[in-house]
Structure formats: C-alpha cells, structure tokens
C-alpha cells in the first residue's frame, strides 16, 4: 500500500485530550484535519450479552456502568421499560425522587463537562473548581444511595429507599452553593474573550442536517431545534414542573456551551421545585422475590433525557426470569461516532479535544 | 517516616525517597474507575500534595493506573504503553475486576486476572474505589517504593517469556513492534 | 591563576543560584496555582524532588544522536546566556566578588540569538524522535516565537537607541545614573516587552507548544528520565535568565540578591496570574495577538526613543 | 604571458576541451573541469599579487583587466567555491547525460565571473557579464524541465538588466567618451558627468537583477532550483554576488566620489542607498516568508538565497564601514553556507532521488555526514552563535542600529527570526522524522562529494571564533573602496558605540558547558540505555498501520501562514503575469489598428491629413 | 384516544402491505417483510417526516431460527415513534443496507454484522467495529456461551466459584472468623 501523505495522529486511547477510552484517528494536513475516524471498542464489556445471563434485578449492577459519568438515566430508563412491560405502578413520591435524582445526575455531569470543556482549552482552574464542587453533589448521592458514582437506586416500582433525614435541607443548601459557584464559572469561562474566540465558529453541526444525522441532546438544541425527551414525551412528573428547554443558534461549540450553561441552572430550579412539591407516601411498589420474578413477554422502548441527549432502552422479555434482550441506544452512539467524524473534518488539531468535549462523547455508552 | 533499612545505601535511600514523592501518573483511563481520578486530583482530595501529578506520555510517566476491567482490545494498548514506560515503573490496579474478573467474570471480552499480563504493585479493591481508597493505594505504593520493593519493571523483563505467552493467549493477532529489551 | 579559580567558582555559584531560584519559582507557582484552585498543593520544593526522581530513572530511551544532544544544547545555552548576563549591578560588592562572570564580553544582540540556541537543539531532538506531536509542537513554538519576537525586538531596539549602547551593563549603569528605570522613562516599550514575556514564559494562553489536550506533551513527548530532567533544569535556569534580563533592562537591575528576588518574582507573577484565568489560544490567534497591540506599543515606544 | 590572461585562457580552453571530450568518455568532462579549475587556482595563488594586470587594445577599444584588493576577495570566493564544487561535481554528475555541455558552461561562467571582478573598463565588464549570464542561462535550462517558468523568466530579466546596463554605459560614454572605470571615477569627482544619477540608477537596476532584489527576484527561485546542485552552489554562492560586486562598485566607488559640495548628489546618494536598503529588507522579509512554505528543499534554499542577498544588499546600501564589512562578510559566508547547503541537497537528491520534503524523511542515520554539514551551515544561516553566521548578523544589526535605521532592524529581525522556521523545516523535512522503509536503501554520498562540504563546514566553524581570518582580506578590499583604516580584531567584534562581543569567550563557554553536559549525560545511567528506532514512539498506545504516515510533512507552518496570510496574498509573479497579459492586450489592440485592410489604411491616412491640416492652420 | 397513532398506522398500512398495531400512546409498530423495510423507511423519512433514526437492533429468536430486526424511527414534528420490525433467516442472515437513507445507519449495521453476523450487501466500513481480532462465532448470538469462552481464555485465579459467598473464601484464606451477625446473611 502506498504511504499516505497526510500525517496520522492518534488522539487516544492514551491521550490527555480524549474523553474516556476511545480513539479518534485523524489525518492532518498542516494543522487541518482532512479525515477523522472514531474507533471504539476499548471498553466493550459485552453488557448486552451479560444481561441475558442476569435476572431482571441483577441487571441493575450492569446497567449503571453503561455510562460512567452519568449512570442514573440508564437505571431509570430500564426501570421504566420494565414497568411498561409489567404494568407496574410507581408511587407519586418515588416519581418525584426519581426526577430529583435525574436532575442531580445531570447537574454533576454538567460540572464534569465544565472541567472537560475548559480543560481541553487549557483553562485548568475552572476544571479544578468544578470537579471539586461536584463532590458536594456526590455527597448528596452518597447520603441518598450509599454510593458516590454507581447508585442502583432506581428500581422497577419506585426507588430503593426514602430520603434520609435532613436530606432536603442539605440538598437545598447545596443547590444554593452550586448556583453561586455557577456564576463564578460563567465569569471565568463565558466572559473570557479567548474562550469566545476559541469556541465560536468551531465544530459546527449544520442545523438542516442535524436531525437527519441523528444528533440528539445539547448539540441538537445548539442548532436551534427544541427537542428534549422531557417535553417531547414527559415522563415521571416532568409535565408538572416548570422549566425551560434552552436553545441556541449556530450549532458550534459556543452554542452548545450556552445550552449547557442554561441547562445547569434549569436543573437546579427543577431540583428545588421537586423538593418543594414532593408529596409524602410510599416510595416503592415492592416487586416479588427477585430471584423468581418474571416479567410478562413483550417489547418496550423507553427513553429519557441525559446530559448527552436521549437514552433509549429497547427491552424484550420472553416471560422468563431473565431479560431476553436489552439494547441500549446512548446519545453518544451517533453524537460520538458518525456526527463527530463528520464535523471534525476541516477543523484545527487544537480543537479536536475541544469539540469532542462539547459533543459529550461518552465511550462506554457507545460500545457497552 | 520510614527508617532507613540496612540493605539500602544512602544513595538508594535518597533515590527511593525522591521516587516516592514524585509519582507521575500516566493519563490513561482504561476503565470506569477513571471517573474518580479527576476527583482525586482536584480540590477535595488533592493528590498533588503527595507529589502525584499527571503525565501525558509513557516516557515521562512512573505510574500506570489500570482503572478497572480491561477489554482485550485495551489490553494490547496497555501492554504497549507499559513497555514504553521507563524503569522504575509501577502499576496500580483498580477495582475488583482487575483482581479476578469481578462482575465481568463471564464476559468474553474482558480479562480476569491482570497479574497474568503485567505485574501489579498495588491493588485497590472496590467497585469503584473511592478517592480516599485511591489515595490509600498510592500511600501503599509509596511505602513499597521507600522499602525498595517496587521493582516490577525488572520482574517483567526477567519473566518476559511468561508474560508474553499469557498475553499472546488473549491477543490473537500479535502485531506489536519488537523492542530491544 | 588565582583569578581564574575565583572566576570559575563564581560561574558555578551563579549557575547554582539561577538553578535554585528558577526551580523554586516553579515550585512556588505550583503551590500558588494549587491555592487558586482550592487545593493544598505540593511543597514549593516539589520541582527538586521531581528532578531528583527523573535523574534516578533506571532506563534511558536513546532516540538517536540529536535526541541525546537536545538536553545538552538546552543546558549549554542556558549556562552560556547566564554567564553573559549581569546578575547584579556592576560595582556592588557582591557583584564584584561573585557575579562578574563574562558579562563584559557580550551584548544584547548576542543574548537574543544565544537564547534561541537551546530552542533549536530542543527542536532538533524532538524532530529525531519521530513523534508527529513533537514536530507539530516545534512548529507551533517556532511560529509563536516569530510572533513575540517582534514586540520584544521593538522594545530592545528602543532601549538601545535611547541609551546609545547595546551593552546590558551600560544600560544598567545609565539607569542607575539617571535614577529613572527604563520602565518609567519609556513605558510603552516596557509594556511591549512585558506582553512579549507572556509568550516567552509559555503559560496559558500561550502554552500552545506542549498543549496537553492537543499534542500530548508536544516536543518533549518522547523524552523522559535524565533527558527530561536536564531539560527541566535548563528551563528553570532560562526562567531565571529571562527574569534577570527584564530586571536589568527595564527595572534598573538589582543591587543585592534580595532585591533581585523581589523584582524577578514580581515580574514572574505577571504571566502566572495571566495564565490562571485564561484558556489557550490557537497558534494563529497567539501570533496575531502579538502582532496587534504589543507591536503597536512597541512602535510607539520606539518612536519615543528616537525623538 | 600575462598570468591573468593565462588563467582566463585556461578556463575558456578548458571549457572547450571539456565540451569536446564528452565524445571520448562521459567521465572526462568533469575531470577536465576539475583539473582546469585546480590549475587556475594554483596559478592564482602561486603568483605575486601585482601580476594580475592586463591591457589589450583592440578595434579602438582599451580593455583593462586588473585584480585589486577588493576584486581579490571575490576571486577567492569564485576560485574556492568553484574548485570545491567541481570536485563535488565529479561524483555528482556521474552517469548523467550531456555532461560536456554542462561543464562547458560551468567553466565559461566561472571565467566570466573572474573577468567581471577583474574588469576595469565597462566594455569588458559588459562582455564578461554577458558570458556569465548566457552560460548560466544554458545551465539553468540544461535539464530542460519546466522551461517556460524557469528559462524565460531568467532570460527576460537578464536581458532587461543587460539593456539597462548597456544604456547606462552609453550614457556615460556619451558624456565623457571613456569606458575606463578609473577615469569615470575621476570624472565624477570633477563633476564632469551630468547623467550620473540616471546612469547609476540604470546600472543598479542591472545589478539588482542578478542580486535578485525585490521586484526583480522572480527568476531566481526557479532558476536556482532547476540548475544541477553542483552549479547551484556556484550560482547562488558567487554568481549572484556579482550583482553585489556591481552595486558596491556603483554605490561605494562611483557615487561616493561625487563632490560633497554638490548637495543634491550627496542627498541622492543617501536616498538611493536608503531605497536600496529598504528594498533589500523587504526582499529579505518576503523571500523568507515564501521560503518557509516551500516543500522542495532546493526551492526553499533558493528563496532563502534571495533573502540572504537582501541582507547583503542592505549592508552595501547603508554604506558605513561596519555595514559594508558586515555585508562583505555575509557575502563570503553566504557563499560558504549556501554552497554547502546546495551541495548537501544535491547529495540528498543523488542518493535518495528527490529533495521533496514531503517524500523523504529520517535520513539522519543514513547520511550522517550530509546531516552534519547541513546542520552546521543551517546554524550559520540562522545566525546562532557560536558559528560564523552570528558574526555577520551581529555586525549588520549593530550597523543598522548605530546608523539609526531602527525600523529596518525590526524588519530584518523579523525575517531572520522567521528564517528559523525554514531552517528547521529543511533539517526536519529531510533528516529527521520517521525512518521509513522506502528510504532504507539510501547510503551516504561518496567521499568526493562529502569532502568539499566538510571543508566548508569546518571553515564555518572556524570563522565563528576567528572571524579575523576573513576580516583581513575584507578590510584590505575596503581600502580600495575608500574606507581607510578599517579596524578589526581576530576574535572581538565592536561597533561605533564601543560595545564589544568577545567571540573567544563565547566559544569557550559554549564548549566547556557542552562538554560538561555531554559527559554528565552520556556517562550517567548508560547501562540502562535502550536504543529505540523511530517506530517505537508514543502513538497513544496504538500501533500504526503500514501505510500510515507519522511524519509531519504537509503544510508545515500552516498556523503561521494563516496568521501572516495578508503577507501571502500578493505574489510578484502574478503581478508580472498580469503585466504581460496587459502587454498582450495592448499588442492585440495594436494589431487591430493594423488590420491589413486597404480601406482602413486609407481612412487612417485621411484622418492623419485632417489632423495635420488643423495643426498647421493653428500654428500658422 | 390515540387518533394520531391510528392515523399513522393507517397511513403506513395503506402504502405498504404490512400489518401493525398501536402499542401505546406515541408508539406504533409495523411488521414488514425484510425486503420492503428499506422502502418503508425511505417513505416514512421522506414523506412523513420520520427523519430521526433512533436505532437498529436485533433480537436473536433462536427457537424460531430467526433474527428479529427492529428499526426505530422518530418524528420531531409529531413526537411519535414508529417501529418497523422484520424477521430474517438466522442461518443465512442478509438484510438490505440502509446507510444511503441515514449515514449513521452504517455504524448500527457494522455493529450488527460484527455481533450477529448479519450481512448487509454494499456496506462499507472496516470489518472491525468494536471487537478486535475476533475469530469465534459472532458473540451476541444466543448460542455463543460467553462464560465458557471466558473460562477458556481468561482463566480465573482459584477461589472464585460463582455463587459462593466471597466472605467465606476470604475467611478460609486468611484464617479470620466470620462474625455472628454476618453469618445469617450467608446464602446457605
């Protein structure tokens, strides 16, 4: 084979600029990318195969590991699919708690995003701040579920246990703190001229192609398209809450950053509303002995909104103790592979990591 | 503060002391445990106060973190990265899955026992280990370095054939550049 | 013969002082950065520990003769430049006994060129390793150098024209005799040079050479162990050199070591402060930055110096 | 027989013999060229200095040839570089076709150059100038490749220059009826030359073409690239210096002797000098910018030659003792390092097949000597101490700063900093980077090619510490130009402000520090040393595929190019293309007038008559 | 109640010989022959605004020796999801390639090719998507025994028996007693 003229650069798997364990192989001419290939599979653990060997409840240990930065939407989506198959009701209070957990998960993921987006541009101070502050959110999770990262808290039929004593106050205090900090982050990041220069006009997802390309989540909303599972197909109690779905125009890194910036604030507002409106009552519609629990045969498609976009579970049951097939469609599957390959072409080497971070690429979700 | 062992000369002691207090960590998130690395490095846990900081390429790094399960595809890269690191080099393995497969014991794509492919200095168990546990693991590694026990690079070189055999059992298409050890 | 021995001793002491100060400044920066980032941070002597560790690595990766020479070129350039810079004011007691070195025998133009010597060696070494990231990093560094040298040279030419000399010692003497630092007598040139120094120190937003998220670690990607350690030492000496040069040229020089430390530290903190709150430029943006306001200031300064 | 005539005769007859001997053996022309240049050199250096005097009266014209101290400097360059290049050519031209023509022209142009520097009257000057031009033109088109871009540009510009010179010579002759340069100078001093300024400008125009000054440089890059490397060394190294020689003659010998009382002339002298200097500075900057976007090493060096000639022009044009000294020093150095570089690139071309930097990489282990000489000459070119290039750069800067040309300093500094970019480009592009299998067959060039390069590289190293070796002949030469008592020291540089740089201390410090570091780093931990190839690099853990390229080669300085994009927008060649298109259109229009139709001509005649009638009536 | 869904269903069934049903609000499924799937998808994408391909998945119906393929498309206008389902033969699985309709279908199809061995004629892209150097049966097929493969390839350390309580292993190894309160949680 004739040797290529363009230089091949391997961004990942071992690279400070890559989001997780994946590889973007780029061919560069000068400092311009002429071709980008996303290679995945470094984190393939055969989860969909393993779930076929676990029973319905054991699957939760695996589910949350689908996406490491934000595991809760996976649990919720699966739980909702199973509930749909079984027709199991969820108590009101559990619905509120689920929404709260979802928004907390979103919020902590936004904090990670702040770190990634600014760190890939060389602003490490913000990354240190936001990841440090994220620990306060993880503390809330720890109080609530016992785990920092993986919670396995949302089960079919509700949530595993009620809020601990004093959780509400602590959560509200944390929200106040985080909101204050978000203002500081904005000063550091969004008011910075250099960041604006770096982010504007870079990594553009064309608005007319976005839907066809399968773009979801913040990148889609950054093109001015108002699409969010929480309003398209309201689940749990999202239809009773007041919140905005922010959009921005331009489809570039800057637009996506603007969307996320406002979404983080919306999450705080939702958490506050949920904590205020939460009714008393049961949190768990108990399932039978999990080792013998059978779910009626059928197929169900459930989806929820994560930070990266919609997460969909296609769950098939054949009426036995084990799921027949659980297929996960994470947001990153399209955002992170085909869309990224397309928008990276023509970009600068300096912006590769920057764009990957703004697309919210999460490799474990892609290869499962 | 550890006392100087008799077997160490002064020079050895100083070297080990400096190695102990300056650990450059390879920036390679091989598995899900990598999500706690940022937390470990940042404000609440602040690993830099122990002299731990990131390094971008294997030539500069001292510590390779195997943050959880290793898919066979990643194992190949890990071996390459490990072999490119300079002695003395240390490996810290995270999570139950590196010890004996953990929850992935029956997966067709993840290895079960990391020790068979590259030598491991310290295991940190848990799924996933909290930052406190990670720092405790680093502390253990530091103690080991101060004692002069952490010399797995040499062990790897001496038993290269055994490791190679194990590695090639898993990585079917062995297309690695040859190194002159 | 005795004079020579003293001279050699003085040279060695100068080198050690420069090295220690440079390394400690690096350590203090790390500590301060950590504090800004809500962290405790390492000790201020962490850089010494890192260096010791790097030097005690057991294996060395030898990439070829240029890769082997690169760290030596850096350290050679650092020591040579150091020898030709007056660390303290000529005429002071400390200076006469320990720091005269060779500063009578070189001038500004020589220093400008000599400072490139190390970078050239680094570039060649990085090139021989064959890592594409290294080569890209080098091209970025060289491009950026063309960027910041313009305001820097404008400032230096203004200085030379204003004082009718190219010798650093004479410039220092003139500043002492007139009692006005260059910084105040020609503030525009000083500002131009100060902006240029941002590029020279390669803190954010001008850390485009070794930008981790983009190029792994750029030119030093393939260097570890003793090579990296030697480069680190050279870099520390260079940091001291640049600071001392700025102090000599614009801040009237220093009469004693404490004064030198205060002045250099104050100067050093400018790029560091700037770096904490700014993300990184793209290469062409960085070059354009230097060709914008800093160059305009430099031209104004030069015009002031002429008329 | 006269020694000078004998030298010229050896060269010219050697040319003819070389041309004829190709029929005997392909190897013979190169040998004959080498032998005749050697003979000329031996003759030159064994004869006493005062014998180089030659007068010939023919057809009413007096041809005067004389080698004075100033010419001698250039003769050193010509003979030295030609000798080394012809030694190199023996190996380099091996197995090439049409060697006879090549060596014929090569010897002819060398003879022509010797004639130019020795000429003391304008006619012989012009004759030798044309010999040099035409022989070099024939070598430029010798390969036959890309004639339109290379040959025509060169021919057109040379012809323009020649006509300008001819016109100037006629102007002078019509004023004072002599061609002898000494007489002309005397006439200028007596203010007997009314057309002095016009003639000078025309002469400078002619010389600027050879010196590839800014708007007239477009022929140079292609011509330098197209000529075979053995000749390009001479072409760029000394042939282009003939332009500098001429400029020095005009600016420093002729215009300088203008009567100081004549204020306007003095003023114009300074004005012309400033214009030339600025042209030189702009040439240096623009050519450097173009050099760093080239992908072909020879073309890169060609642009770099244009830039270096810009520096040399500045020095001559400024006209202070230090600047002239800097300029002449740089001229000799440029012959040395650019000669070495072109020879090295020729070696690479011969061994690896191409000098296209996007095609080859990692030759350092395969051609270590070539790398060494390239490195030394590149460091010299970049002006980094302790090599000789620094000396020239330093003197130029100091001359400009002390002279008050401060903005020119900045322009020059910009171009010489940007020169680091292409310096690195050429070292990296050819010798560093990945060692690929497709260059595995490359071997080091034969000894006859290495030797000349190494000799020149060693000279560059020596001159870095002992520039006085060269200052001596330069100072003597400058005496001829009217700079009395030029002071110089063996190892110390000094400017008019009294600032000095002691090169001895610099070299010693660098040497001591380098050796100490070398010992420290080489001895320390050498046991654990692992030699690795260029494939064993950190590629993020991935294993590159066979066909993937890991060397950064294309658009090397793209970010810089983008930052400096306004400077790249306009190309001189395009302006000339537009000009020639415009001329085409004009000629088209003219042709329309001459339609060939009888009736139209009749109409013209009528119009002319009417116009004439009106004119005559008005005047009467 | 569910008029929109019924309208969608009738529109698809009238255009193509398919049968289908409304699953619940916003969910409509149609069952089609494998050969008509690509034309249905083309139709719903271009004519009906179902521009967003959510995913393509495969279910191994080993008992019927069939693969069930599910194409999920979503409309941003009506916010409804349409499932196009089909069966293909498990022994010779071939399916139409639809990456000319949606570019991103390419990745789904490459994954299915790798995981189930389904062939998509005309599909470009590297053979390996997620796995590397895989020479066994496509792993997501139900008759691929992942545990056996794992044991064969990556042998575990001794002491790992699957349902055994970890604490016992630890206690026997290290000689520690299991405290009383912990004993009652033991499985046997």
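We call the chains A, B, C, D and E, going by the order they appear; numbering starts again at 1 in every chain.
One rule holds for everything that comes next: a contact is a pair of C-beta atoms (placed from the backbone, for glycine too) under 8 Å apart; a residue touches a chain by one contact, two chains touch by 3 or more.
The model shown is predicted, which means the values in this text are computed figures rather than measured ones.
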Between subunit D and subunit E, how many steps is the shortest route if every step has to go to a touching chain?
2
Show which chains lie in contact with subunit C and also with subunit E.
A, B
Just to be sure I understand: the centre of a chain is the mean of its C-alpha atoms, right? Then which chain's centre is nearest the mean of all of them?
C
Based on the averaged CA atom positions, which chain is farthest from subunit B?
D
Maximum centroid distance from subunit E, chain identifier (CA atoms)
D
Give, as an integer number of Å, the spacing between the C-alpha centres of subunit D and subunit B.
59
Centroid of subunit B to centroid of subunit E, CA atoms only: how many Å?
36
Counting only Cα atoms for the centres, state how far subunit A is from subunit D in Å.
64
Just the number, please: Cα centre separation of subunit A and subunit C in whole Å.
44
Tell me, which residues of subunit E touch at least two other chains?
131-132, 139, 144, 146-147
Could you list the positions in subunit B whose residues touch two or more of the other chains?
27-28, 42-43, 54, 56-59, 73, 76-77, 81, 87, 106-110
Indicate the residues of subunit A shared as contacts by at least two other chains.
7-8, 13-16, 31, 41, 44, 46, 49-50, 53, 128-129, 132
Listing of all chain pairs that touch each other, if any do:
A-B, A-C, A-D, A-E, B-C, B-D, B-E, C-D
Write out the stretch or stretches of subunit B touching subunit D in their complex.
28, 57-59, 76-78, 80-81, 84, 87, 175-177, 179-181
Could you please specify the touching residues of subunit B with respect to subunit C in the complex?
14-15, 18-19, 21-22, 24, 27, 42-43, 46, 48-51, 53-62, 86-88, 153
Mind pulling up the subunit A residues that touch subunit E in the complex?
40-41, 44, 46, 48-50, 52-53, 84, 211-214, 225, 227, 232-233, 299, 301, 303, 310, 312, 314, 316, 324-325, 327, 329, 333-334, 337-339, 342, 367
Given the complex, residues on subunit C that touch subunit A span 33, 36-39, 132-133, 136, 204-205, 207-208, 211-216, 276-283, 285
Give every residue of subunit E touching subunit A within the complex, in rising order.
24, 26-27, 51-55, 57, 59-60, 70, 72, 76, 79, 81, 83, 102-104, 106-107, 128-132, 139-140, 142, 144, 146-147
